[in-house]
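Please find the structures below.
Both of the next two complexes hold subunit A, though its partner changes from subunit B to subunit C.
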Partner chain A sequence: MKVELQQIDKHFGSVHANDHITMTIPAGTIQGILGENGAGKSTLMKILSGFIQADSGVIKLDGKKVVIHTPDQAIHHGIGMLHQDPLDFPPMRVVDNLVVGSPGGLVPNKKEAIAALKKLQERFGFQIDPDAYVETLTVGERQQLEILRLLWLGARVLILDEPTTGISASQRLKLFDTLRKLAADGMTVIFVSHKLEEVEVLCHRIAVFQRGRMVGEAKPPYVTTKLVEMMFGKAITLDERAPCATCDPVLKVEHLEVEDTRLHICDINLEVCRGEVIGLAGMEGSGQRMFLRTLAGLTRPVGGKVIVHDKTLTGKTYASFRKAGVTYVPASRLEEGLISGLSLTEHFILAREQKGFIINRDAAVKETEENIDQFFIRGKPETHVEALSGGNQQRALLALQRQDVDVLLIEHPTRGLDIESSIWIWSKLKARCQLGATIVFISSDLEELLHYSDRILVFFGGKVSEPLDAGTTTVDQLGQLIGGLGMKS
Partner chain B sequence: MPKTSSRWLGLLFQVGAVLLALLFTSIILLLVGAKPFQAYERIIYGAFSDMGHISDVLVVWVPLVLVSAGLLITYSTGLWNIGIEGQIALGAIFTVWAMRLLQDSSIPPVLIILVGFLAGMLGGALWAALAGALRVFGGVNEIFGGLGLNFVSTALTIWLIFGPWKRPGVGSMSGTVPFDTSLWLPMVGGSRLSLWSLGLGILGIVVVYFILQGTYFGLRLKAVGKNPRAAFLMGIPTSSYMMLAFILCGVFAGLAGAVQVTGVYHRLIPSISSGYGFLGMLVAMLVNYQAIGAPFVAFLFAALNIGSIQLPIDLKLDSTLSGVLQGALVLFVLLMDGVRRRVLHKK
Partner chain C sequence: MDNNILVGLAGVLAAAAPVVFAAIGETFTERAGIINLSVNGTILLSAMAGFATSLVTNNLILGFLVGAIIGALVALLVAFSSITLKQSQVAVGFVLTLMTRDLAYFLGNSFMGQAGPRIPPLNIPLLQDIPILGTLFFKQDIIVYTSFILIVVSQWWIFSTRQGLLLQGIGERPAAAFVRGANVNKLRYLYTMLGGALVGLAGPMFSLSVKAGWKGTISGLDGIGWIALAITIFGGWNPVRVALGAYLFALLQWLGLVLQPSLPNIPSQVLQVAPFPLMILTLLLVNIGNAEWVERWLAGMPAPLRRVVAKVLRAMRTSPPASLGVPFENE
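Let's look at the complex of A and B:
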């Protein structure tokens, strides 16, 4: 379906999120949308999919003007959107998730849904158990489910807002294949991302956004440096890696054994030095998250020991881990990281040391302003966190981490950040390492893992690799390990 | 500026909600064959016609505002403390208990009253802690736990009145033997209003306003209420904060119970909470959990309660009409709030 956006304009208070944006996307195209954090990408997509309304502007589908007020109407017109922060119904089975949003009689036809699901899954090579609970699915599987659901509801325009941030490399390849197949069938795909290399390999054309405006368009062959310049108005390069000093062990893991309903991992041993960065690699759901949560005291290990600063903390509460200097930064920003309904200032008050009984608002606002400047958060002290763009939420989350913690456990530190911010966030994190902090992080971005870690642990099929030296490992080697090739059994 | 215009819009919707509630109640009045304006006039007359009536309104206002203050704390923490009725009753029971123990001793009456108040706070807090523990440690939803505890508290009250604390001879629904007048809160002139309890009501709502607006404690409660998982990861011990919220709310409910005993009934009666717990929940909902509005809405509700007593006297209408109006107000305000959000969303 051909999608035309004409003069779409949207203000949030004083923020001009979309400034008279006009673009036309022919049917069968994969349209890439690039732009720094807060550029207005999600806003435009939400307008197209009926989650918010534009102040002015026209949307035309196949040349016909349409009015879209709700997501329901959007899907009725054939527009479906996958959100940056997945909106699904976790305590439900997969089939129920499918039928719940479907139009039709009072009694949903589950058999039909299961059959349709099976057919779609075969076509794209997905393997989701219709009877599984959605909460047991990995982020990648939930995304596949969401795509299937939208297709089942009759979507002919598929919008994906940063779909690759939480999924593994192989799931990403599968996703790209799927999108190419869909486009070949005449479907219009809109793909929002920060990752240049993805947009470059996947998209037929790219639009670049900056501060609410569309500042340029590109067609293959793409020139990466050109795109970066369009996004930021300047060229950007990666920092050089700093070599690691001598080892002073801060965090020790001995014969650790963790398990959940799907996985059992035995005998993990690791010694992390002061100032070191450890990357945890693996397909989503291979146990790296469980391991990280065990290091934070959020999950109890079945056996073995976790030692922080020579103190054995195994079996202790999260509070004692925090006291020992450990902090945990979750990936799901609005579910576990930030508190919707509270302002940035209130977050900083909560995250910082309590001084007395009564809050000094002026001091808190001042500190928040400093952090906003320092971390380039696009927002005001009184902005509620849910009104920040995805990338700005991530910056806020990182800015909230206290300076005195020395073991930082981070899930996907740069998920949803544009390249400039990722580099900048890592420079901040590395600076903390210089001051003696230790970082263990999960990422599905191989480049990030290799570039910023000192050593990498690869999780696959209930096993954990020996720590790899990130300096001497290549992307291909790491990719193979994640896929299970060459893992010692 | 969009901000001020949306505030005006909000006000407009609230006024609309009040008008709709009045319309709704009027229709009900017409259906039962009464004249709405006459009824409203009688209610206003019954509430404000003279000092006696006004002081009666304030007598109701005190426990209502105390209960609402407590409920603002649990609401902010994301908890529906339905057990509030039982907490008021337990506050009253503990007050009566302490005062019965001490009434024949040589302790000065002022001290006995003071101990009575402390005991009331303790009683309310304990009962709330029970609901809290069921929720936090037992995983029992506080609505069900509270409902159950309310039944138990009613049974306990009745048992005390007809059992251990019964009047000489035979127990009666009119309650236990009243305390000696020396153990009554001093009252203004010929009214039933005590300046002490009035002061307590004002102090209570001010304290809660201050806790929720200005303190770390209050902000953490809100954080727990809005997103317990994130609050926990930020290092807030969510279970303790939920328990504390229950206990604090229980203290306020217990105070309300103590006021009912020392200032109004001077004994334990079967329905000592007078439904102020549930009414307080309506108040808290109507002010959208903002402490600043609570004293005013509580006053309005108290006036409706007192004013409607005039209805059966003058118009042969049942006084429960005030309940209809109060309920309609809450429903329409919530409804209009939903409509307002949709309208703003559309824009």
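Let's look at the complex of A and C:
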């Protein structure tokens, strides 16, 4: 289906999120959309899919003007959107998720739904058990389920907003295959991402957004440096990796044993040096998060020891770990890291432990302003955190961390960030390593793992690999280990 | 089985019927993501008003109708202030529960202690002759039969119908329900009022049957609404389990009465009040598995014991609809 957007305009208060955007996407095309954090990509996609409404502008499908007020109407017109995190119901079964909101009588025909699901799964080579609970699926599978659901409902335009954050490499390849198949069948696919290499291999054409405006379009063959320049108005390069010299152990893990309802991992041994960066790789839910939370004292191990600076802290609470210099930065920014409804200033007041009983607002505002400048946060001291774009939330979260930490535990430090922000965040993190901090982080981005870690631990099926030297490992090797190939049993 | 015990147990089923209504009503409301804390006051007010209406008009059905309408109207206030005005559901519910309670005592003064109409028993032919089951289930009144039907229908509605799945959705993740075409706030209004109407029916069920009459502050109804709220949690927002909770509570109350003569040393008040803290204790058992310190404590146990305890706790554990009490906006 041919999609035409004409003069789409949207304000959020004083923020001009979409500034008269006009673009045409022919049927059978995979359209890539690139742009820095806060450029207005998600806003435009939400307008097209009926989640929010434009202030003005026209949407045409196959040349006919349509009015879309709700996501429901959008799907009636054949437009389906996959949101940044899958909008599904974790405690419900897969079939129930499928039938919620589908048209039909009072009692849904689950057999029919299961049959339809099977047929679609065969076409794309997915394997999701219709009776499984959604919360037991990986992010990648939940995404597959959403795609199938939208196709089942008759979507002919599929919008994907940063679909590759949080899914494994093999799931990503499968996703790309699926999207190509769909495009070959005449569907229109809109693919929003920060990962240039993905957009380049997948998309038939690319539009670049900057500060609410569409600033350029590109067709293959793409020139990466040109795209980057279009996005940020300047060239950007990765800095060189600098391995650390001698080892002065800060964090030690001995015969650690962790367990939750699904997973049991025994005998993890690790010694992390001062200034070292350790990457934790693996498919979502392979235990790397549980391990990281154990290092922070948020989860108690069922066996073994965690030693920070020669002090055994096994079984102690997060407060004791914090006192020993450990800080934990969670992935779910709005659920665990930041507090919805509070402004940036209020966050700094909470994080910085002012002296005295009464809050010194002026000092807090001043400090917030300094941090906004220093961390390039696009927002004001009084901005509520939930109104920041994803990238800016991550910057704020980092700005809030204490400066005097020895061990920094981070989940997905750059998930959802544009390249400039990612590089910038890592430059900040690396600067801390220079000052002697140690970083352990989880990521599903292989490039990030290989580029920024000194050593990598791979988690697969309840097992943990020996630490790999990131300097001598290739993307392919790492991808295979994550998929369970070559993992010794 | 001893016939006395059988009749006593049948009485437990009957006494629990209003609590079943109230707790299942609250289950619908909370499944939609709204907490209606006014249950206690609503039951009192609708009990008084239902009784007064039936007394004056000599019409039982009108009494129930008035009860349901009061419940729905109070719920409408909760819905309006929390969904439309975005006020705190807890604060509004709390104020309403106090207000309706005082209103019930104040307006009910002139009907105090009067003898009024009450629901007649209705034995079901043939079925009542089945040994044991006949006495337990089929020599009751229409209210009790209706409560059985309510349990089955609401279980079916929530878990088997398209509408019920959507109901689960709006309480769990309203944004996801919204993209699936649900008018989240309209549905929340609807289910809050439906739930409120069911709570409102519990009032006349007391005053026209289970504890017939209106005796003001000594009606013995004050507190039941709070128990209904606790039972909703105990039941994990699942009508069948909720009903079991209601029966457990009624059973405890009955035991208090039966045991009283054989335990002369214990003041009668203790036995009367005991079911309330006991219900709270069961609640503790249900939810203790969610506590972080329990997890820590578990991790320190030897492996085989840990597995068993973890399994038991998991089986009992319930978790609320994820968006309970959270207002929904789609921007």
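Note that in this section the second predicted complex is superposed on the first by the 486 of 489 C-alpha atoms of A that agree within 3 Å, B and C clash if a C-alpha of one lies under 4 Å from a C-alpha of the other, contacts with A are read in each partner's own complex, and residues count from 1 in each chain.
Following the convention adopted for this analysis, a residue touches a chain if its C-beta (ideal position, glycine included) is under 8 Å from a C-beta of that chain, and two chains touch if they have at least 3 such contacts.
Source: prediction; values computed, not measured.
Model built by superposing both complexes on subunit A: subunit B and subunit C clash. After overlaying the two complexes on the shared chain, residue contacts for A:V302 are found with subunit C alone; subunit B is out of touch.
When the two structures are aligned on the shared chain, A:R322 is found in touch with subunit B, with no touch to subunit C.
Applying the stated contact rule after C-alpha superposition, one finds that A:V100 touches subunit C and leaves subunit B untouched.
By the touch criterion defined above, A:P330 reaches subunit B but does not reach subunit C.
Once the two complexes are overlaid on the shared chain, A:E346 sits against subunit B while remaining clear of subunit C. In the superposition on chain A, A:I358 makes contact with subunit B only, not with subunit C. The superposed model built on chain A shows that, among 203-211, 221-229 or 293-301, the segment of subunit C colliding with subunit B is 221-229. Taken together, the two complexes place residues 52 of subunit A in contact with subunit B and also with subunit C. Residues of subunit B touching subunit A in their complex: 2-3, 214-217, 219-220, 222-223, 226-227, 229-237, 345-347.
Across the interface of their complex, subunit C is touched by residues 49, 51-52, 70-72, 75, 81, 83, 87-92, 96, 99-102, 104-108, 259, 261, 299-302, 315 of subunit A. Subunit C meets subunit A in the complex at residues 160-163, 165-166, 168-169, 172-173, 175-182, 295-296, 299-300, 303, 306, 310, 314, 319, 322, 330-331.
Of all residues in subunit A, only 11, 13, 52-53, 69, 298, 318-319, 322, 328, 330, 335-342, 346, 349-351, 354, 357-359, 400 touch subunit B in the complex they form.
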